[in-house]
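Next come two complexes, and both contain chain A; in the first it sits with chain B, in the second with chain C.
== the complex of A and B ==
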């Protein structure tokens, strides 16, 4: 022991000597701290451990303990943390509040361990350890801030930057680039590379993702995302060594409704957004946290705007709803917000042309016509995007979306989640991949990106299931946590009540609705439909439009215009925009005053409090709520017989489902390129 | 010399105390008479009437999905929800009619939810707090890549 001490002291002295000589050198070498490349010296330094301040997990992360008994303790920079058994060293560091630099590791993808940026020092380990791939062991002493770890990062960084072009000024990722940030934080201030940089041919991944493959650092995040989450097996790694590149081997566009997410996960500027290319820099943008309205999932998003203009849409973390992904429709529909907008009130004159009028005149005309019509002749149709306080409240209808991950058998009735709610589909896919859950599907032949059993096309199969005659019934009845998802297309059928009662019978027989598990879900098509059901706006019948004299269309573009009688007076109110347009609720409020039936609220908060009395759950946007809408109360006893016609697809075109997405140029491009079969 | 300095200092202190006392009493918490009510801060600083009662949103900005760094995560901000924004017809610049528009974006930042709420209360703003979404760490392992996942499904 005494000898060891002596030796370490001697080592310390000699290292100090080298420092002294080194500082006198004129040239600075690439290794910033060679004298400290000595773990013993570092250990001697860190031995007297002072009281460490309380550290919080990175990003306020919560830790999932599958088994509380299986907790182990490791030390990160001397700070003890309790972690579940089996977690990696990198995760242990995150829990200890240390953010380890990384490129290939992504918390929602499988572990690749190929970028080596996450190297840390582990006591008694001869070499630095790739923390993302190394399981943490009890009592492990991890050191993230030692000279060895720093030198390792610096070395890795130098290799990564060797073939990375110096085009940050013309790169769209510039300013929000992990490579840029980490080279500033961990890289050396000079390189030793004097040869030519390699160059790689760009790939064509479709109308959404722009590629500059020379910038690629081969982290393979995009490959893993495509295979694991999006379910497209096309992307892969080709070649070896410096000839290595990401590609599809034969040129193919990425046919996935989630392809935009590879833009986010790419740590460099190799995959960037095509519609956003060269439009703005990220530091010019102001982010507003919001909820997506293009489907009924209610994905959490951040809308980045520059001045009054929406520049892009990015996902925002919500473990219960969309994790950190969004669908392509959500991400790229924003250009539709700027086109084909109604900025001023207009009235169609005798010559059939629309003339711009003042708000006063417009409201007066509407009120007059409204008074002439009988109450039963007045029909209001609320559209899919009917906004804010008239109907807003984009909460996810699908209760317990996170709960989908615990399901073991899915039954999809007349719904194709892949086009109706891509994020729900991603969840189902994740479950199927992770636990081999079985999926049964009733409906027209559809393209799923996971294994499923096509049980049938129409109500006949439902009846067989309800009576327990169908072969799939054994799987469903033996399931621990069965999930039945009913599509919105069902509600457009005449026999919707009969169908729904059959589905309820199946759910009851399969024990899908219990106090601890609600396995019966309705997948609606759009956020407004969700809110409308919560507010008690129930579709009366299609026939009402035919007899209408006064039709109020609030952002409703899907009404069959031929059905509207010729003598009817149609008011069309569109999604508000900049200019002389007003908020939806303000127009209705103003109209109510002109018409003499003044509504009792004139401020936003007044409307919100009114919503609170009608449907309190609508005001908690952002959070997942158990569905308050109970299907049984809305439904009278079944009158009609079930129609044996097969179910139809509810969404024909994933990219165009409402007025805004239809106005979007990008969505038009997508449907032209990606939907042709 | 030293003693004279000391005397001078004590003299000053006395003089100061006499001058300061009324103020210091006004700011002491024990005196219930002058306790600042919510919103009074704004009144004193001459803020226009319409901005005294604002609706604000207290939230913690989410991590940028496209970046790994966590340096900016965990802060709390106040969003004034200002929408009065237009493109200036002369220059094309963005104009705003809301003096608070940039205060929330770039100026104020709090370490905790409570601090942000306290600030909003002191200024008499009507606030709503948005729940912060945090990630959930689950056990992951490199060995999962090589785990046997059952027999391959035949197509």
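== the complex of A and C ==
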């Protein structure tokens, strides 16, 4: 062995000499390192060194060994790592702390293996292998930083850039483009391709996604996303060879409530955000991590702003809630923040017109009227989007959303998750796809993007299920981990208690609530509703308004104004942003002072500590909490009779569910274009 | 040394620019998207004929029931024969329905294969081989003769709807180059034929076209009377004697 190695070293040295002399006559313009032509020489140079420093997995990649016996050991650049069987070479490299360049591979999509950017060298394999598609085998010696791997990637990059336009200065992806970044490492400053670049017709994918198809590198991520996650099989790869293009073939827009995510997964600028087009460069933006309030899922988002203006909304990774997707409403409602806003305090004078006044005057007037009214005549209504602090609660609401993936039977009662909480729907869909879980649905006919059984439309079906007379009952009772999701629409009904107790009975019979599994969930419509439930409030709005003399509306736009008595004094407080608008709580605090009943807090942290005493889980912003309400103990005696009227659709228009989304022009376009059928 | 390199590179670049840039790249495949036309609209009803429905059943029975989508190519082929040689969107949708996949999955296949025509073709669709051996033996002239005689452009249908001319890549009869193929859709999927006419000349293809127009069926195969199939012109010139038997081991000898 030793001798052989020595001999080959000697041989290699001489061959290196000859290549060196040869290349001086023969000019290569792309690869400037002549040693690369001799791959063996290159391989021999990078012998693994002992005593490697510890490396950290890329991007916090986690390993989870389902079965400890299945662990195998591979070597990445000489560094041994233990990984579970079935992982790919690329994943092994990530765990070893080596980032492999890639375009088509995406951890949440199926493997395509068609971009070839992830080539690595594997010992004893005759040519570089595509690491994303190659399963790691025990004892594999993977080399990621050898000249062969580098040269292979440089070759792939040259091919990719062959037809890619030199658009970067006018491309919205510029600055966050995978192709741009990776060409810094593997690209050449010139190409050898002298023909015309190809041209491709841009596609119309609707009001949200802008396409510049010449930039597409055919990674098919968008096609796989649409098929696998969004569940709309609209996009496809048409044609072949250099005529290949992404498209829908027949003219149609992407009818998905998750379509905006293709903007994020497209590694180049082929699919970009239409509303954000040419608005800002991403390096000018300041990111603020936040939680989405447009539905009750509480998706983790990042709000990118320039100065006071919100420019765009992006998802943030949270494995338990939204993975790395967000719904179109979350992503694009932000322009509603700028429109139809109340920026300064205004008072309606005797002539019925609104007049801008100073904060001091406004507060004084409000305080005075408040003193005149009797306590029982004072009604406060908190709106859907009010109280940013309680929004934070949102993450907790759904009891283990990740847990949905372990479910084998779903029962959806009066809820259409596709429009009420698109991310929950995506989870259910993922589960149905992965494990063939069955879904039963009770409610009005609705649009689902996975297989489901429509069991009935109203409480009748619920009763049949509770009594075990319904055919779906056998599926439900045999389920290991049944999940029952009750829609928010139920809480608007008069007989909500009766319905809920029936649902509870079903849950009990099906053994859906156990110490190790809570399968009973309530899917609410918005963040505040969730927080309100956590605080023990049930929305009882309309009735109390009728007797009010003093009505305090805090961001509540959905109150039925006709019911408000004529002599009532209405204070309307809106969601603040720009101008002379103040944070909600500051206004109330100032008012309390003017009114002479000063509230005991004047900083944000003080108000948060007050919330902590009322509802502690609202402040745990970084982890998801199991929903706190326990179903059985809360229930008083059920007095109402169940009304046999069928359930109603809680959300008629996915794109417009509250004041901000209704003010949004983009959402208006979406609902005009996508909801007409 | 560096100056030398730079000068050489400059020369290379200049060379590259001196070449006349190609005006456009021509593809043998058609557009990759659908354009509405009176006879090709998504909502137009389309169905297999009763006779073909039987064939559909037969085709599907070749595949496991959970892999119905494997039948996509034979079904598209059948639909194309039934529909006079081309596939409107509604036919592709019908196929998608039968094999239970989203229509886009069928479009993907139909756009991949250039033998699926997605725009109208003539009853006789003439395909000229354009690959190197045929090209060297004069396929350009063949195509020019056809186009000139019929007065159409490539992939355009004559006014009477009888003929259209397309291009194909090597169809495997290079030994009889140049050649054309005639896909005959005049009798639906029952009378469908796909015949090779080999060793053609510009004059001969025009004769073939005229014969087809008269409803005759010209003899397929080589059009050179001096050749038998792919044998050499005027009879064999080599290997004239009886072929020698392969050398066998003399079993008795051992």
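What we mean here is this: the second predicted complex is superposed on the first by the 626 of 677 C-alpha atoms of A that agree within 3 Å, B and C clash if a C-alpha of one lies under 4 Å from a C-alpha of the other, contacts with A are read in each partner's own complex, and residues count from 1 in each chain.
In this text, a contact is a pair of C-beta atoms (placed from the backbone, for glycine too) under 8 Å apart; a residue touches a chain by one contact, two chains touch by 3 or more.
Remember, it's a predicted structure, so these values are computed and weren't measured experimentally.
Contact with neither chain B nor chain C is seen for A:364 once the two complexes are overlaid on the shared chain. In the superposed model, B is the one of chain B and chain C that contacts more residues of chain A. Residue contacts after overlaying the shared chain place A:280 against neither chain B nor chain C. Once the two complexes are laid over each other on the shared chain, residue contacts for A:316 go to chain B alone; chain C is not touched.
In the superposition on chain A, A:66 makes contact with chain B only, not with chain C.
When both complexes are overlaid on chain A, the residue A:213 reaches neither chain B nor chain C. After overlaying the two complexes on the shared chain, residue contacts for A:307 are found with chain B alone; chain C is out of touch. Here chain B touches chain A in the complex through residues 55, 59, 61-70, 73-74, 79, 85-87, 93-94, 105, 126, 130-145, 149-150, 153, going by the rule given at the top. Interface of chain A with chain C (complex): residues 27, 29, 194-196, 198, 201, 203, 227, 233-245, 247-251. Chain contact summary for the complex, chain C toward chain A: residues 5, 8-9, 12, 16, 19, 21-25, 27, 29, 32-34, 42, 89, 101-105, 107-108, 111-112. Contact residues on chain A toward chain B in their complex (touch as defined above): 56-64, 66, 84-88, 91, 94-95, 99, 101-102, 107, 110-111, 113, 132-135, 176-178, 181, 263-267, 286-289, 300, 302, 306-308, 314-319, 324, 436, 451, 578, 605, 622-623.
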